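Structure incoming, see below.
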Amino acid sequence: MKLSFSAEDEQFRQEVASWLRDNLSGEFEKLKGRGGPGDEHSFPQERKVWEQKLAQGKWTCVGWPQAYGGRGCSIEQQVIFFEEYARARAPGRMGHIGEGLTGPTLIAYGTQAQRDKYLPGILDGTQFWCQGYSEPGAGSDLANVKTRAAFDQASGKWRINGQKVWTSLAHESDYCFVIARTDPGSVGHKGLGFFLVEMDQPGIQVRPIEQITGTSEFNEVFFDDAECSSEDIVGEPGEGWKVAMGLLGFERGVSTLGQQMLFQNEFDEVVRLARSNGAASDPVIRQRIARAHTELKIMRYNSMRMLSGQSTGDGSLQKEALIYKLFWATWHRSLGELAMDVMGPECEILDAPPYALNRLQSMYLFVRADTIYGGTNQIQRNIIAERGLGMPKEPRGTL
Amino acid sequence: MKLSFSAEDEQFRQEVASWLRDNLSGEFEKLKGRGGPGDEHSFPQERKVWEQKLAQGKWTCVGWPQAYGGRGCSIEQQVIFFEEYARARAPGRMGHIGEGLTGPTLIAYGTQAQRDKYLPGILDGTQFWCQGYSEPGAGSDLANVKTRAAFDQASGKWRINGQKVWTSLAHESDYCFVIARTDPGSVGHKGLGFFLVEMDQPGIQVRPIEQITGTSEFNEVFFDDAECSSEDIVGEPGEGWKVAMGLLGFERGVSTLGQQMLFQNEFDEVVRLARSNGAASDPVIRQRIARAHTELKIMRYNSMRMLSGQSTGDGSLQKEALIYKLFWATWHRSLGELAMDVMGPECEILDAPPYALNRLQSMYLFVRADTIYGGTNQIQRNIIAERGLGMPKEPRGTL
Amino acid sequence: MEFAFTQEQEMIRDTAASFLAQVSDSAAVRAAMATETGYDPALWSRICTQMYWQAIHVPEAYGGMGLGYVEVVAMMEQMGKHLLCSPFFSTVCMGVNALLIAANDEQKAQWLPTICEGNTTATLAFNGGVNRWDTTAVTATWRKEGDNIVLNGSYRYVIDGHTADLLIVAARQEGESSDIALFVLPAQTPGVTRAWLPTMDQARRQASIALQEVTVETAAMLSGADSGNAALTRIVDLAAIALAAEQVGGSQQMLDATVAYTSERVQFNRTIASYQAVKHKAADMMLQVEVARSAVYYAACVAQEALSGSTLGAELPEAASVAKSYCSDAYFAVAGDALQLFGGVGFTWEYDVHLYFKRAKSSEHMLGNGAYHRERLAAMLLD
Amino acid sequence: MEFAFTQEQEMIRDTAASFLAQVSDSAAVRAAMATETGYDPALWSRICTQMYWQAIHVPEAYGGMGLGYVEVVAMMEQMGKHLLCSPFFSTVCMGVNALLIAANDEQKAQWLPTICEGNTTATLAFNGGVNRWDTTAVTATWRKEGDNIVLNGSYRYVIDGHTADLLIVAARQEGESSDIALFVLPAQTPGVTRAWLPTMDQARRQASIALQEVTVETAAMLSGADSGNAALTRIVDLAAIALAAEQVGGSQQMLDATVAYTSERVQFNRTIASYQAVKHKAADMMLQVEVARSAVYYAACVAQEALSGSTLGAELPEAASVAKSYCSDAYFAVAGDALQLFGGVGFTWEYDVHLYFKRAKSSEHMLGNGAYHRERLAAMLLD
């Protein structure tokens, strides 16, 4: 074990930090600390321009192989990039679905034609993606896909019908990847397809979901004979589950350390507030702040274990990775509660009517999604017990 | 709603308190605060003599109808009796199984001959009972009885074979009531019998279980052709479950308030300690003491609700009664932890080798049984969800 | 000893429950939330003229119904369950209580009948903007000037403070650090300025109030038997018990809604209510609801004894802190669990869960949260 | 950055694990528990001569193996898993650390080789019998008298204090309230009296030590580069990290045992491992074990950096408090859950669960519990 980064990596850190210092200024100054979960509705257009700025510096897709246009950064360097990005309070990435999910999926499972068609727009920050996974009523039961895709021999295109939900930034996206049932009689994991679908077409309607915060960043997406070219299915019809699961695997990884830097920014704000309003002298609050600090620190150590495990080439999901989602989601939810209790009765008072939440209030409410999406805490515990401890699987019902 | 007791009840309280003051002295002085869960091994002989003293004052079986030799006290008066008994730190009752379980069961389900034979010994504090319910491996699955009772035509007696476990004070008891399977092919609730069995016979062996505390008050009881007269079965062969369930119903009730007074004595000891060793100035300990105090207070209010519900004659188990076991057991376990944390590092230091625990240490370890016996916390939550909220039952397995 | 509602109390509760089910459904709550007033004046008028709730525990001599605090608590529980948007809590559980406890007979005769007639809402302002809820929270001041009294200072977190007709305000004498007095004055008195403080919980309004050289007659100083400090303490304790009752009602509603929703919602071909993790969470919720209810019913009895001057009323501070600390934590936990078990839809504005979740937090912090009241209990026990 | 064991470290850990599985089974632990010494001297001798663990992180110059604190931590984790009864923690994680940190070169050369040879056990005594674990816990005193130093005072909670051959004791100068110095002296020095303090956790011994006019040479005062206060703080932090590692090992064992037991145990015709309530509790246990492990491995690296004088060593107090607070709470929670899921048999003396449950509590309070370390962290963050 060693904790320190190499001299080369430290130099890379300087490079990232200095580029961000130089470029996250002027017109982009106002984007600092904006975007990201709970604030995705802020400045979407300006943040798209920022993506292009990043692309000019070759700071999009830093983990992609150089052969596909990325920087080919090592895991350590990716960690450093995400850490510095968050430390600089650079805005929440509009391109993270494309960069983190679509790109790696196409590199792993796509055709060369698909890569040629879609990777450049992701790399240069001009094309944005959203994901069509969840469906109403399906919730954590991802395989319970009802959306249908039928191949229309006449037009030579797939026609997609159905509904997706909890689609983040759908109204700001150019493309959506969609899991749909290609085999009408199939159930569960079988008979699915993975489609790359253009959003700007008459067959697609996006309806924002108003959230607990009064804002909307999730959407319902309705597919009514939406079209998709026969070249835009990834993998064979019926093999969509394999692609979808592979894609979910890309969700974990180095970006966790960047996420933790965002958490650190939030935590620091809570600490500042506690020091300024006197809550820091309340022994009960002190215990809670210390506990939040403790677990945030360990979250980082845990990610370092995950990454060190990855870099040793052992492919199986390790225990520290299995517990990670449950850990951070629960931590984040507690941070929201701590923030409110540090504010005391002031936590109720809005910036303005009708419902202008301040940042900590918004965080407090939005974090309630963390223990739900991407597998609720309950589902996470099933996964940990079944995969991590080899305990019996929950039986499916027969309703 | 009204909180105060009637003048008549307050006079009864004086009577109880004054009798205890006068009689719990001299040879009985040393029994103060002894016996009870975790300390049942202390002074069993002297506590049996104390039972006879109680009987002389007509203070055994105060809740039994006068027709059966009891005092026929109202619920309020029973509450008062148990409260004053605990307040006086009178010793843990050796006769509580007979008084609280056997007696009410015989009054409800027994024959007159059985009542004539057994009630006097309970009333006068000369005969003591233990309960033969749990079996090894059965745990919370009470209906999973393997002990067998076969009627021997030759001798005209039942012969009992099998094993019971977690039998409190078996080695100090004259009789045991035993659930055994009378129908060899039966499973579950069906085909059981409820037997009154003499302990002093060659067919019964008692083996103490050494507990986490290093002491023993629970036992294993082995039945090897133990005999039971044909007149000593309560109800018909095959109807034992009905009797057993009726008996479990007697476990709840007014004695909860007496139990709470014991809790109050323990809690007061924790408070005294905190004040004397400085822990009372630790804000985290203060929060925990206040929380324990809060919940102990509410435990009393909750029992008052339970009792007021009973006295209105509504027979169904009310919600405040359904949650009661889970509530007090969890509270008591927390009190044990609080006691240790109030002691700080001194909590480790024993009175003497090899394993002489002080009272709070003993309490701390023994309370771990509370969330297990009589239905674990997990079983309690099933019961609450299924009976209290009408949620689906856990399916039995098919192993 | 009898620790259950009487038949009459049950009838009052059931009447309130069915009335509220009609007038305070989700649409009504959301409509009221959208106004600056925060409640529907027409509905409040109907309550005052048809139900007479504003007069529930005012003695008959002052035009009230002469019922007790157990009835007030039973009503608050139902209002919490239905999230009624109304000035009931501020008027009855703060304003009326303040007059009952702190006013002399003349002052009661002057103000209580106007409240009972339904023409006047009232509230209590005492907190100068700190996270404390006892007499130390008072920062406003008063001084004598000739035959008059002059008030200065400011208040935050005043329930319905921007709409109440009558204000009862606490102030300490200039130069005297410890003595607090209470004053009653019409909100329109010159020098009073009030501003809505929009809140995360939109179903109850808070306001700030500033007093700048507000001049009132000496008769505005409440002068019942208790000292101002003692009176304010009792008024706050009574309000805390009422709020705890509301918390019980809200918790119960969240439990009921969760059981109903999880019994419908299917995942992996099973209702999610059939999962033990869901059942056990629901069981823990029910435990908290029932324990909270026991705490509140007891506190209601003690409050009643306190209002009627019985010796058992001496338990008021303890009973209030026991109830408010337990119920605050229980409501927040239960509402949070409800949100979790509703899953994604619980996170939407459309479902009502978030309204209760927000009420749980706002009522937790109002009049002192769990930790605050536990420290108060610790001081009673340990110091 | 590389945050995984090297192959060599893995080999050391695995060797320790299989050795301990042989020599520290339940029967061996229970036999050792029954002695006043608290461990089997023959086994300790075997460890010292065959495994050389007592010398693990002593520099080769002093006869040690020259490995690092990551290796010490890896060993402690395994010892915690197997509940090894031995003076390893006192000798290596307190005695050797104290010498490495506080002694000058001559003192190291005098004492470390005797420890490495396996003839000498050692421990640290500093706590005068209070629930604090920093320099304020020291109540014993020293004064100069001619060329000698005279020590007076008493200590509690001294690990293996009644059996250790060598004592490192902390004392403050008479008349000087703040300055602490550390002294090394053979336990047989006249004026030293020691008494076993029998404990609830019987698998590790505590003792009290009294010093009455104990006279030692000036050379007994440890005089490395750090001040006595700074040295004692670092020694306690290093010991806390080792203890946290032991807690991780014990937690892991409780998790493993629980999964194994619940997978065998049948209730209502199902293994109890098939109940979601059991699975979810086990999942929460695993989360705590893995999080605790991450905390300890990081702290081990920091400890190593601190011992080697690197700048990252400045994180030592934080890393120690993070690890000790999290692991203490995690172990107690996990062991308590294990006891619960074992049900009745977990409550018996016969099953081993109670041994771990008791170790969890004793190690929680030793060197500061969760709340203590959180307040320490809060002071770093907030004050």
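So that you can tell them apart, the chains are marked A, B, C and D in the order they are listed, and the count of residues begins at 1 in each.
Here, contacts are C-beta pairs under 8 Å (C-beta built on N, C-alpha and C of every residue); 3 or more make two chains touch, one makes a residue touch a chain.
Source: prediction; values computed, not measured.
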Chain pair repeating A-C, as identified from B-C, B-D or A-D when over half of the contact pairs by residue number coincide: B-D
Between B-D and A-D, the pair joined by more C-beta contacts: A-D
Chain centre separation (subunit C, subunit D; CA means) in Å: 53
Mean-CA-position distance for subunit C and subunit B (Å): 42
Residues of subunit C whose C-beta touches two or more other chains: 271, 274-278, 280, 371, 375
Where subunit B touches two or more other chains, by residue: 283-284, 287, 378, 381, 394
Residue numbers on subunit A that touch subunit D, as the complex places them: 1-5, 9, 76, 79, 271, 274-275, 280, 283, 286-287, 289-291, 293-295, 297-298, 301-302, 304-305, 307-309, 311-312, 319-320, 322-323, 326-327, 378, 380-382, 384-386, 388-392, 394
Partner subunit B, residues of subunit A touching it in the complex: 283-284, 287
For the subunit B and subunit D complex, residues of the former touching the latter: 134, 137, 139-141, 144, 165-166, 209-212, 214, 279, 282, 284, 340-341, 344-350, 352-357, 361, 365, 368-369, 371-373, 376-378, 381, 394, 396-399
Subunit D - residues contacting subunit B, complex: 34, 36, 127, 131, 156-157, 196-202, 206, 265-271, 274-275, 277-278, 336, 339-340, 343-344, 346-350, 354, 357, 361-362, 365-366, 369, 371, 375
Interfacial residue positions of subunit D with respect to subunit C in the complex: 275-277, 280
